[in-house]
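Letters A, B and C mark the chains as written, and numbering starts fresh at 1 in each.
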Amino acid sequence: MKRRIPAGLLLGALVAVGIAVGIAACGGSGSGKPTGSGSVRSLTGAGSTLVAPLVSEWTAPYQQQAGVEITYGAIGSGAGIESIVGRTVDFAASDAPLTASQATVCKGCLEIPWALSATLVAYNVKGVPSGLRFTGQVLAGIWTGRITTWSDPRIRKLNPGVKLPDTRIVPVHRTDGSGDTYAFTSYLSQSSAAFKSEIGSATSVSWPGGIGGNGNSGVGGVLASTNGSIAYMAIAYVFENNFDYGLVENAAGKFPTPGIRSIAAAAAMLTTVPTSGTSGISLVDPPASEPAAYPLATFSYVLVPTASTTAAGTALKRFISWAVTAGQRYGPDLDFAPLPAAVVSADQQILRKVR
Amino acid sequence: MTTSTPTPEVSGRDRNPFLARTKLADKLGERGLRICTFLAALLAVALVVWIVCKLVHSAWPAIDRFGLAFVVHRVWDPVTGQFGALPFLYGTALSSLLALLVATPVAIAIAIYLTELAPSFLRKPVAMLVELLAAIPSVILGLWGILVLGPFLGNHLEPFLKSFLGWLPLFSGTPSPYGMLNASIILTIMVLPIITSVTREVFQTTPVADKEGALALGATRWEMIKLVVLPQARPGLVGAVMLGLGRAIGEAIAVTQVIGNAAQIKASLFASGGTAAAQIASDFPSANPGVWQASLIYLAVILLVFSALANIAARLIVRHGTVR
Amino acid sequence: MATAPPEANVLLRKTAGTRRRRAVSRAVDVVCTVAALAAVAVLLLVIASVAVKGAPALSLRLLTENPKVSPFGGNTGGIANSIVGSVILVVIASVIAVPMGVMVAIYTTEFAPPKVATGIRFALDILTGIPTIVIGVFIFSVLVVGAHQSGWAGAIALAIVELPVVARSDQEVLALVPRALHEAGVALGLKRWRIVLRVILPTAAGGLITGAVLGVARVAGETAPLIFTTSVFSNLGLTTNPSAALPNIPVTILSLSESPSPKDHAQAWAAALVLIVFVLLLSVTARAVHERSRAKLRG
């Protein structure tokens, strides 16, 4: 008769494994979340992919400085907002300000602008150089499906002297709730009444066709592999992946080169910052008085509850305070313009409300 | 000789060390095992009920608002709060049906090979290799779909199809690495092993006498298969296809990686689209609790119902249809 | 179907039609062989892609170092934290699902009245059929809402996927144990529970282990249950505490696969290679042992 494995041995082995896992789990190092009193050693946040490179850059120096580990999930502004509403994270990052209904549901969330960047129009077409000029109308036409080929006369009119192939345009959009979508659709809604009525502006809209990508990274992936594609993407990702990008017309009729200077010019129009903190400061399509302003600049906000349930409140205050002051110097390398002084002081004021 | 229910009075029992246990241990053990296993089974059943109830409950705001018209509305718009499942149900149906259309004949052919044609030393290895297709994690198939299949489709196969068959609406449109064709191929690879293994099992239950009888009467191998094996395998085949269908409609990750995620209904296979499962995967984290999230969970409920039906139908058909 | 088909008389005469019929049959032979070869070829193609593209990026460093993540997620370190996290998730899931699966199987084969057993099998069928993304949504609404993402949530979601796989395999195995063993136990005066624990289970042990291995192979690569429950994780170091979101290989592969950077793609292939080798080895072993133990039990 063959050897029999005693049932007791099997059960015992299973129990032993379970205990081993339990010990490893409870005694293990890493980002455990201590509840209640005691200093908080880690903060979890989620949201905007636009600001993700900057937050990622902040983790190492901040851990050295304050001993707090920042875990950040770049899941998109929309998902970030949902996370903080559900309080499944300590803070959220969104490039889109909270809508009125979101603010109500969030029950006392503060919206603090902590980064300043922009959305670009990037494209990947064989035979077309970087630096094509677009107007809001043309872009709206592309994404509503009215302009279907790169050689369309409306694009050619803006770019005389550039040889444009007959390739079909493939507009790429974000599938996740995105602050870049919000900024881009705000601009397009202001440029085109048809776009405003057909699609509207929000973190998630109903795009007619095209291809969807998940996050700025996913959109980049689609862009890189699809000839003829055009997408709206955060500036840091465009530069990092060396995508061709277009020049977008601002209200003054100019086509400023996207970069820290044109972004800062867009922010320079801010004279006062609302301290209530929930209305957001839109930089999209700044008025013609700023000829050097890039029309798709956007603030990125950190969303924190006024009263955190754990001891995270103090830690959050320190972190955000550091982010809007010392943290800003990591920005320019990643194409984030420094926050205007008015915004920084307004932020510090708002932060006082955090418990 | 001891009786089957030992009593304390029987002396032989006390002398046999193997049976020298106390009555208490027996009572506890019997009751304990019964209770533990019963609780486990109860928990399993309760889990199913809980999942269904919780999902229907969470989907209720959407079910209430849209009712059954949800499945025919075309618009999925978070801005206006209008949610309709039609583009995703269309995508699910199209990609799954295409996958089944391709996978079923191939699966039958492979099953015929494995049961009739293959030399006996090849049978087990080839069968195992086909089943290993099912073991490939879907995220890896999706990775392969994006980085290997996608460029092949976008740069070679789709332009080729368009140049020869472009007059068909199926192959009109712009070749693209993402889209319905890519997703359908991935799904075909996923359902093929499932249909093959069930079909093979069903073929193996054909009474040998019938097969030999046909051959003895002069039928060629193909005629024997056509006249003897296939007819009695029909219910099993239907079951196999149902199982494959259940698998195909529920796949979210690999599909969302390659299908392009656009809520549109296009005839062309080159166009991007969406399926219900893929839409849940891409939209759910951003959906605010309310009509939007409830609509996504409504999609999940629809998926749940159909894949549960497919699985149950498959089990019933296969169980009743095969001669064991 | 025992009656001869009406064409039987015709079949006995060798005519030109015979040659045609034979040709058709041979053509079918070829088609079927090609189909089988094609299926094997597709499998080998996928595995070869993973191996060829993953091997260059695969190194001891990749397997043992934690990520050194640059701002855009580009990783110049390794994926050790994802490997460890995946192992923890799968172990927790299996500790939940395997004993429970064994117990459900014991109940349906030993104790349950026939109608109840059918009902339980019915419930398990439904459970198998639930798309894994739906299970992810369910666990999200039960365990993550009101709390936060955690390894526990992810592991429990995996356990729900694993349970019916293990239970069904175990049911099959237990049903194959010869009745004679039961009867022998009864004849020896053993109570049911002793028969099950000391006779049936040890005899079926090989098959039960196979069931567990099949379950592990099934969930090791699952992504959908994890994307809502344990996808926001720290990439700074090893996370072993399941009350935080655990890094894991499937979610890592998913996000790397969608990136535009070829370096990310190389890492994705390498991680995929690790995962696919693990899953395929488990599957092959499970099936081989399964065949052997089934043959042994049948007699």
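What to note about this one:
Note that contacts are C-beta pairs under 8 Å (C-beta built on N, C-alpha and C of every residue); 3 or more make two chains touch, one makes a residue touch a chain.
Only a predicted model underlies this, so the values are computations on that prediction, with no experimental measurement involved.
Averaging Cα atoms per chain gives one point for each, and the point farthest from that of subunit C is the centre of A. Interface comparison, B-C versus A-C: the higher number of contacting C-beta pairs is recorded for B-C. Between the Cα centres of subunit A and subunit C there is a gap of 37 Å. Rounded to whole angstrom units, the spacing between the C-alpha centres of subunit B and subunit C is 13. Each of residues 99, 197, 257-258 in subunit C touches at least two other chains. Each of residues 146, 285 in subunit B touches at least two other chains. The set of subunit A residues that touch two or more partner chains comprises 75, 83, 86, 213-214, 221.
Taken in their complex, subunit A has these residues touching subunit B: 75-76, 78-79, 81-83, 85-86, 102, 105, 168, 170, 175-177, 199-214, 221-222, 225-228.
Residue ranges on subunit C touching subunit B, taken from their complex, read 1-2, 4-5, 8, 11-12, 21-22, 24-25, 28-29, 31-36, 38-40, 42-43, 46-47, 49-50, 53, 99-100, 103-104, 106-108, 110-112, 119-135, 137-138, 140-142, 160, 163-164, 167, 186-189, 191-194, 196-197, 217, 220-224, 227-228, 250, 253-254, 257-258, 265, 268-269, 272, 275-276, 279-280, 283-284, 287, 291. Remark: subunit B residues 75-80, 146, 150-151, 154, 174, 176-178, 256, 260-264, 266, 271-272, 282-283, 285-289 touch subunit A in the complex. Of all the residues in subunit A, the ones that touch subunit C in their complex are 2, 4-8, 10-11, 14, 17-18, 21, 24-26, 28-33, 42, 44, 46, 52-54, 56-57, 59, 63, 69, 71-75, 83, 86-89, 213-215, 217-218, 220-221, 223-224, 236-237, 240-241, 334. Put simply, subunit C touches subunit A in their complex at residues 69-73, 88, 91-92, 95, 98-99, 144-149, 151, 197-198, 201-203, 205, 208-209, 231-234, 236-245, 255, 257-261, 296.
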